[in-house]
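Look at the two complexes coming up: chain A is in both, with chain B in one and chain C in the other.
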Partner chain A sequence: MTEPLIRLQGIQKYYGDYHALRGVDLDIRAGEFFSLLGPSGCGKTTLLRVIAGFEGVTEGTVMIGGTDMTRLSPNRRPTNMVFQSYAIFPHLTVAQNVGFGLRKRSDLNRQAKDTLVDDALDMVGLDGYGKRAAHALSGGQRQRVALARALVLRPKVLLLDEPLSALDRKMREQMQVELIRLQRQVGITFILVTHDQEEALVMSDRIAVMFEGEIAQLAEAEALYRRPVSRRVAEFIGVMNFLPATVDGDVVDAAGLGKMVVQDLQSTATTAGDPMVGFRPETATLLFPGQQTEGRVAEGRVVEVVYYGDMTYYDVTLDGAEKPVRISMRNVFGRPVLDIGTQARLAWSPGAITLFR
Partner chain B sequence: MDQETKRGLTLIAPPLLYALALLAGPLLAIFLFSFWTQDYLTIDRTPTLANYAEALTDPIYRTIMLRSLWISGAVTIATVVLAFPVAYYVSFRVAPSRKSLWLFLITIPFWTSYLLRIFLWKVILGYNGVINSLLEPINPWIVALGQRLGLEWDGLAAPLYSPEAVIITLSHAFAPFAILPIFVALEKIDRNLLEAARDLGENAVTTFFRVTLPLAMPGVVAALLIVFIPTVGDYVTPALVGGPNGLMIANMIQTQFLGLNNAPMGATLAVVAMVLVTIIALATVALARRLSGGR
Partner chain C sequence: MLRVYVIAFLAFLYAPIVLLPLFAFNDSTVIAFPLSGVTTKWFAELWTNKELHKALGNSLFVAGISSVLAVVLGLAAARANVRYRFPGKAAALGLIMLPLVLPEIIVATSLLVVAVRFFGWNLSLWTVIAAHVLICTPFAIAILNASFQSLDPSMEEASIDLGETRLSTFRLVTLPLVMPGIVAALLISFTISLDEFIIAFFLTGSDPTLPVYIWSLLRFPRLIPVVMALGTILVIISILMLTFAEWNRRRGLARAGVKDTGGFL
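Now for the complex of A and B:
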């Protein structure tokens, strides 16, 4: 494999007594869309700021493009950042903001710089906004200016610190798609910090899940969703149903589901507590009266129905289990929605089950 | 007149009356007086511009007026230039929990009377004062150095009873007035903006000139005005440490009113000073607006 664009080795960071980063090792490849995902306070923003050069490290090295940049200040790194608050200079126009970092480019004359600024504004869909005062922009527009301002410098790495968290839902979904498109268009490595697992799954090639200053799992989106390495990761990413289980050699006996063999399961993961099996809501199916299946079936009672239009969520308490599991069903035409209290059969497969032990 | 308007008027009535009686009234009186003339012991109430003609042409008035302006200008620049680093330090370097302590300490000079502080400067700058006693042992060296270089030097001496003494004393007295508005402007700067500038390739120094200073300009302009406007009319400091060459327009106004018993001329000088200060203040604001991109 080729040399990674960014290589973090043994990054330790203390704020006084507080241990913010506990030995992070991470390789990020050139051209990938990478996400740092975790709850607030997990150290993901600190790690991003370490890459940008805003935070020093207590221990460890930061290599960018094969060069040790651990002690380099932000202005001397080939990275640019889109701040959570966007940090648009209020005393400058949109064009002056976007052209801010071009001042030092002595190889470009004024006209060439203006062209670059116009192109950058064009790229983020703000053509013609150059002369506007920056303080008169809406949130979404500020975000685009921040993106243009960073991308106009053609950095090796674009760092995005929760860039979508201040936008409303619709705007956020639109920007997600646009960011993916931009990243493919410019081919620059994007590193996104987010606490929103859905955003990370939608946008990233690879995701590093962080808890308490450590990387808990580093994987591609699908692998992360389907094969979480620990119960904590499984709970953080999407919804997972957990059922208590006992393990005897290769045989797992799960409440409500019955016995299964470890070798048939999708994956095994760790947990700090008692053994559990887990499955995602969409991997099991509620059977309707008269419907047949060749797979395994569990019996239970519908205790809650939440209708979403295209989907219906059912909470089903399986016979022999205490807590209900959540099942999501696509509302196919012609299939009735089950009522609360209905006795139902659940078709499931060991191939979709993860064992936590 | 509806209920709300009535209540509003009732609420502002006391301060309005107060302002009219104690501010607008006297101002109007000064303005009226400036168009009258003193005829020995009586006042001639025929309106005339004679006082204004004299105020603008007589070299004495012109010299003192110009001196007031340049002394105030020097005080303003010295104060703001010295205040900026202090405000910057408190805003950017002092831990947030200690900022109010620092602001509190900056107001220490106000704990004692203005007059006392001027007298302290007399002690520092005086003939047998602190600075001169310190200079005494090194002055022979300086004189000798002057002779070596073929220059006629008398050695160094503290500048009591001179415009310089006025500048030093006033700069010290007005320092907190300059520090506070600049501090407030610096506090309002989003620290992410400074990081963004660093991220976009600027070093610490260029970040200061491209981001920090432009964003602090409202505070700097406020400081310039807050120092300049009252110092033009300052009266006590030039009287006590200025000496004959350090007298300012307020001293002349006082002399006209009390010493020469020429209230109309004093009133005219006051109006002229007020108009000049207004023009300079407006010009400063306009210039600052233009420099900061017309916000």
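Now for the complex of A and C:
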């Protein structure tokens, strides 16, 4: 494998007594869409600001493009940032904002700079907005200006600090798609900080999940979802059903599901508490009356039905288990939704199960 | 009941000021009712009084220099206050803001003792300037604090991220964005220094500032209407400057698209 674009080694960061980053090692490849995902206060924004150069480190090195940049100030790093508040300069026009970073480029004449600014505005879908006053823009437009202002400099890395959190749902989904398109178009490495696991899954090539200043898991989106390394990661990413289990050698006995062999399971992971098995809501199916299956079947009672139009969520309490598990089913035209109180059979497979111990 | 109270309160506060222009245009050296006719000769006399012009020049000199110094100090203090955390910050800021509530007579007396006894300075306009910087700086800080608080710290970071240095960032981003606050602080400091009497009275040497000169005029009853005329002009100038300062500050906030988080008026 070639040299990574960014290599973080043993990053430690203290704020007084507060230990914000606890030994982060991370390689980020050139051209990938990378996400730092975690709850607020996990250190993801601090890590982004360490890469940008806004925060110094207590220990460790930051290599960008093979050069040690640990002590370099942000204006001398090949990184640019899109801030959470966008930080559009309100006293300048849109074009002056986008051209701000080009001021120092003495190798370009005025005309060349204007062309670059126009191209950048074009790229984010704001062609013709150059002469507008920046303070009169809407939230979504500010975000686009912030993107253009950073991308016009062709940085090696674009850093995005929760860029979509201020937008409403519809606008957010639209911008997600647009950011992916933009990243493919320019081929620049994007590093996104987000607390929204869905956003991270949708957008990223790879995701680092962070808790308490440490990387808990680094994986591609699908691997992260299907094979979480710990119960904490599993709970943070999507929905997972947990059932208490006992482990005897290779045999796992889970409440409501029965016995299974460790080798058949999808993966094993760690937990701080008692052993559990877990599975995702879409990996098991409720069998309708008369329906047959060759796989394994568990018995239970439907205790809650949530209808979403295209999907229905069923909460099912399995015989022998205390808490209900959630099953998501795609609705099929002409087939009725099961009622609360129905005795139901659940088809499941050990291959979709993760053991937490 | 509350309405009556408010009207009485405002009348008590502003009625004396209304009397000022009334007698400034009254054709009599006696300040008493009934009024005896309209004249502008008191204003005309202002034009010919050389000593008064000198005093006005002194005041403008003092107000100009002390307001600029107060705002420069205020800028540094306000930025440090809003952006950084350091030990002893609250105490330091409290001490800087203290002259705001300290009786001026105490400030004046102690400064006189310090200037003459400890430093052995001769009293001059510069001692007045030093003292006026002391009392104007808290006002400047109060206004500039609001400006820096409404300035998103990411603005400065964005500029540095885009390749500018700290110094060029201050010039290109920070200064333009807090400029309305700077203008407001300058105007208010200028007005305070221009109107200030007690400290100037204690600390001027042979060059009186305008308020001190007006005080000396009061010994000559014949000249009291002239003082009234001068007072009228000063009141109008003060009101215009304070109004402009506040208008300018609010316009700046509106332009930056942020909420008003304070200010002085």
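Operating definition for what follows: the second predicted complex is superposed on the first by the 357 of 357 C-alpha atoms of A that agree within 3 Å, B and C clash if a C-alpha of one lies under 4 Å from a C-alpha of the other, contacts with A are read in each partner's own complex, and residues count from 1 in each chain.
Throughout what follows, a residue touches a chain if its C-beta (ideal position, glycine included) is under 8 Å from a C-beta of that chain, and two chains touch if they have at least 3 such contacts.
Just so we're clear, the structure is a prediction, and the values are computed from it rather than from any experiment.
Partners chain B and chain C clash in the overlay (superposition on chain A). Residue contacts after overlaying the shared chain place A:90 against chain B and chain C alike. When both complexes are overlaid on chain A, the residue A:14 reaches neither chain B nor chain C. When both complexes are overlaid on chain A, the residue A:313 reaches neither chain B nor chain C.
In the superposition on chain A, contact is made by A:100 with both chain B and chain C.
After superposition on chain A, the stretch of chain B that runs into chain C among 134-142, 260-268 or 278-286 is 260-268. 52, 54, 73-75, 79-81, 83-85, 87, 89-91, 100-101, 103-104, 149-150, 153 are the residues of chain A that lie in the contact sets of both chain B and chain C, per the superposition on chain A.
Those residues of chain A lying in contact with chain C across their complex are 52, 54, 73-75, 79-81, 83-87, 89-91, 100-101, 103-104, 135, 149-150, 153.
Those residues of chain C whose C-beta lies close enough to touch chain A in the complex are 152, 154-155, 157-165, 173, 176-177, 255-257.
The residues of chain A lying in touch with chain B in their complex are 52-54, 73-75, 79-81, 83-85, 87, 89-93, 100-101, 103-104, 133, 149-150, 153.
Only residues 190, 192-193, 195-203, 210-211, 214-215, 292-293, 295 of chain B touch chain A when the two sit together in their complex.
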